[in-house]
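The next block holds one structure in the form of structure tokens; read it before the comments.
Letters are used for the chains, namely A, B, C and D, taken in the order the chains are written, and counting of residues starts over at 1 for each.
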Amino acid sequence: MTGVVPPLVTPLTPSYDVDTGSLARLIQYQLTGGVNGVFVLGTSGEGTFLTDEQRQVVLETVVGEVSGQVPVLAGVIDTSTARVGAHVSAALKAGVDGLVATAPFYAATHPAEIERHFTRLAALAGETPLYAYDIPVRVGTKLPTALVISLAKAGVIAGVKDSSGQEPSLRRLVMERREAGLNEFAIMTGSEVAVDSALAFGVDGVVPGLGNVDPAGYVRLFGASSAEAWDEQERLIRLFDIVDVADRSRMGASSAALGAFKAALYLLGVIDCPITAYPSVPLDEEEIAALRPLLDEAGLH
Amino acid sequence: MTGVVPPLVTPLTPSYDVDTGSLARLIQYQLTGGVNGVFVLGTSGEGTFLTDEQRQVVLETVVGEVSGQVPVLAGVIDTSTARVGAHVSAALKAGVDGLVATAPFYAATHPAEIERHFTRLAALAGETPLYAYDIPVRVGTKLPTALVISLAKAGVIAGVKDSSGQEPSLRRLVMERREAGLNEFAIMTGSEVAVDSALAFGVDGVVPGLGNVDPAGYVRLFGASSAEAWDEQERLIRLFDIVDVADRSRMGASSAALGAFKAALYLLGVIDCPITAYPSVPLDEEEIAALRPLLDEAGLH
Amino acid sequence: MTGVVPPLVTPLTPSYDVDTGSLARLIQYQLTGGVNGVFVLGTSGEGTFLTDEQRQVVLETVVGEVSGQVPVLAGVIDTSTARVGAHVSAALKAGVDGLVATAPFYAATHPAEIERHFTRLAALAGETPLYAYDIPVRVGTKLPTALVISLAKAGVIAGVKDSSGQEPSLRRLVMERREAGLNEFAIMTGSEVAVDSALAFGVDGVVPGLGNVDPAGYVRLFGASSAEAWDEQERLIRLFDIVDVADRSRMGASSAALGAFKAALYLLGVIDCPITAYPSVPLDEEEIAALRPLLDEAGLH
Amino acid sequence: MTGVVPPLVTPLTPSYDVDTGSLARLIQYQLTGGVNGVFVLGTSGEGTFLTDEQRQVVLETVVGEVSGQVPVLAGVIDTSTARVGAHVSAALKAGVDGLVATAPFYAATHPAEIERHFTRLAALAGETPLYAYDIPVRVGTKLPTALVISLAKAGVIAGVKDSSGQEPSLRRLVMERREAGLNEFAIMTGSEVAVDSALAFGVDGVVPGLGNVDPAGYVRLFGASSAEAWDEQERLIRLFDIVDVADRSRMGASSAALGAFKAALYLLGVIDCPITAYPSVPLDEEEIAALRPLLDEAGLH
């Protein structure tokens, strides 16, 4: 795993079914943008909102549409090992190239229990690489650096997606990877706004939700010299303001951010309907329209 | 819903299957203790750890064993409306008497979204009463009092189980229920240790995890005069020290508490194996033995 | 320390000087209400907002006006032992009957350091009793029960004011006091709204901010049978709604609550000006007027 | 304010007096290291632990010893405007070149109140520049970017020291400064470990606690090309491990970090005694000795 691997949203129809036509267009939009991989059914993909049947539709559509051009990673996020295990089996059957799991959640969990969790999942995954997804704001636990390095040494996980927003901890992980000689272990940042810094200190790539909207921008940022990267990053920071357009007094933070990504893709003609999964409150027409100038300013039409 | 309704643990075999024999004995232990209902597949029931198949085994075993003597409530806790909906259907098919759902979790959620969530679930539940389960430490959101009252007035929810540990807010809810004339709306506390106070200010009953171990104690507390209730409550506070016996430096808080309930039931001869669901770290023999004097002191043999 | 000991507000003039005339009337209002003591320069007294000179004016005014009729406790709240020590000396010189200190704050502090803090303060206090003030929402640290009991046994502190809002922990402290035979050790709750429960499980009294406004109400609650106490507590819970009248989008929570206490005393004719200490934003005229019906409903004129 | 401005520790004697001889040597160590300014009586300077008399000794010693070679900034950190105001007067009298204040703390505070606070302090400071110190972990409030920009535009504050650890917010502030044309407004990071990144995206300098121990290292980092800066930063990240040497089960996080800075300066022969202010628990001899290899590895002897 390296480069730009956006966590794709899941386009839905107005009646909350998976919109496979829009999903196929989103895949083509990403491939045209030059991404190095795609990650489906993650937090941006509303994986925890979908039924098992809907998840299966997403996996089959994406694997078919990508057709081997880049790796497809599948989120297998759920509350416990047994429930994640069921998602692992389904994803393997669909033919994905990698699996992405968080620590267990809802129940309070200890690092020793997280270790048991990933170890069993890796056994289920077999040859397919397993990636750890560190997102404490959703899961309630930060993956300790020592645990990540230990799981890497044991060959349990092939990499980590860090969405903790804790840059010093991420940098420390990069340093400890080097000291441990874990050259094959992938470290990706989930940040939209600190990517140039993270690439400068040694991460391998980025999994940005905003990459749904502007994959080519993150691809340019990834390949750029440091001065160019700085410019590109500042442009993307401004574009990221789209997540603040919706009225937070009437919807949750997840709905506002994902709704903005979907509404932008809708305005760009990539997907047919900007709705987010039930029970999320959708953006209204005025909010959707308010995104347009931010897209224009970022050069997206 | 009124009186004592313990949230039952789910006994497991050493190979992590549901132990239906032990579960049947636990039901008899509860009925002998005089409980007014049982709540399965809640937080204490490790509902989020079990597969759909295991959940079905639990529901069928409990409904069959209880056989109409007291109401059976089923937890339908999951990340989103669609996923909870699948659990609702399964629980209705198994013939439960009530459903208990939390707000959505993992994704950050707004009260307006929680309202949509419960409204759709109530439509699925039909005639079967739906109860809201307020457990911010697990879900990340406190159910606002105004939302609970509004859902009660609309007939969406039949009651609430409050495990927030915020007594002033619980009392306020009791006052607002009275002012709104919602006499049929049930308010239960999930506390083990502030039950006498909560009953004194007007809650209808208690859903105590510790009731797994000492159902008769909570039944006595519920029926007691205030001086007797105070004595009984202090005895149960001391018994609750069993959750602090396991070593928190090697397991999570959930594992330590549920492990203690199961180990106590094991020592009392009710269940065959004290194991908690994978990936929870189990109590070791020394920790299990250390529970014995606390049970003895509480008069449980 | 026992009974009702309100933490008095500090009346100020429009130019932010201590208003000694209003303070004297507040004392008389409290004594007429039947309080068992007064606590000045606490959180409600805006002690951390006042200069050393202003603190001295408050102490001298109160000691003079109370004139030995009830004990006067003085808050000596500051960031570190040395700075609290200076307040201790000043308070002793003014002739107070007891001293109330929090743990150190601003710097992160360990229980072993809190123990050193109180031990040195007790040495400075000499014969004057020292009380620990447990207010984690302001200080950032909860006083561990084991530390409180250990300081009590060592004779370092004469009691505790618990404003943690954690009722189970407070009850545990009451139980451990009894087991340790610390009959002289005073345990007071800082809650306005859970006083009947706390008295029922064994605390000695209450230090309610709302007691500024309705001292007689808390005195009745303290002396009442349990059914009467319940009624009185519910009336006071409703009166406590005054702290939610001010617009939290334009002022802090402290300003809203203290501003409401002061505005109520202003409307009742006890103090001349409802202003809170700089830089707090004051309640506006409309907000002050909105308190009147809540006072009327509570029977205060 | 630009470049490297370490927040100096306050050396103490074994009897907790300010050790002016050690303080003078620390100043010379800093000037020899090439720092662009010094900041005294901040968090690292244990300003909230010292009496007014001790603060005065520090200010006079430092102003005298620095003797105009670089600017001297003084922390004026206290709970409220009035109390900070007294520190401002004292610092101005001692002849400092700048003042550094946090938002009020202990009481919960609203941005409108923080604005009043800084506005009044600026009036007291007159011609001497006032800097805002953003340290939410100590104060409990993050300074909103919009407030900082607004205070900058109004000429109330001359700059900000950001110790929030929130890099995206800091970068946003840099971008908004540029858009507002506030070219004179200084933005400094308080981070020890993300300095190269912060300099790359546009901050003006750094106020690192670790700069007490290795001022020359931060001076080199500040002046370096980006590849050299990366190397220097990684060396300093490793050196920062000294804050994890002390046993956190027996002392607070502040004591462990400041104790390590002081112990390192003691081992380097700069100060005579590594003690931290009362009631902080000091490092023991074994912990102090354990710092030596980390200093050696960093090339400090």
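Here is the rule we go by: a contact is a pair of C-beta atoms (placed from the backbone, for glycine too) under 8 Å apart; a residue touches a chain by one contact, two chains touch by 3 or more.
What you see is a predicted model, and the numbers here were worked out from it, not measured in a lab.
Following the contact convention of this document, A, C is the list of chains adjacent to both chain B and chain D.
Fitting chain B to chain C on C-alpha positions gives a rotation angle of 180 degrees, to the nearest 5. Comparing mean CA positions across the assembly, the chain most remote from chain D is B. Each chain gets a centre from the mean of its Cα atoms; for chain A and chain B, those two points are 35 Å apart. Centroid to centroid, with C-alpha atoms defining each point, chain A and chain C lie 50 Å apart.
Contact with two or more other chains is made by no residue of chain A.
If you check each pair of chains against the touch rule, the ones that pass are A-B, A-D, B-C, C-D. The part of chain B that touches chain A in the complex is made up of residues 16, 43, 46, 48-51, 54, 77-83, 86, 104-110, 112-114, 116-117, 120, 138-140, 248, 250-255, 277-281.
Put simply, chain C touches chain B in their complex at residues 165-168, 171-172, 175, 191, 193-194, 196-197, 200-201, 226, 230, 234, 237-238.
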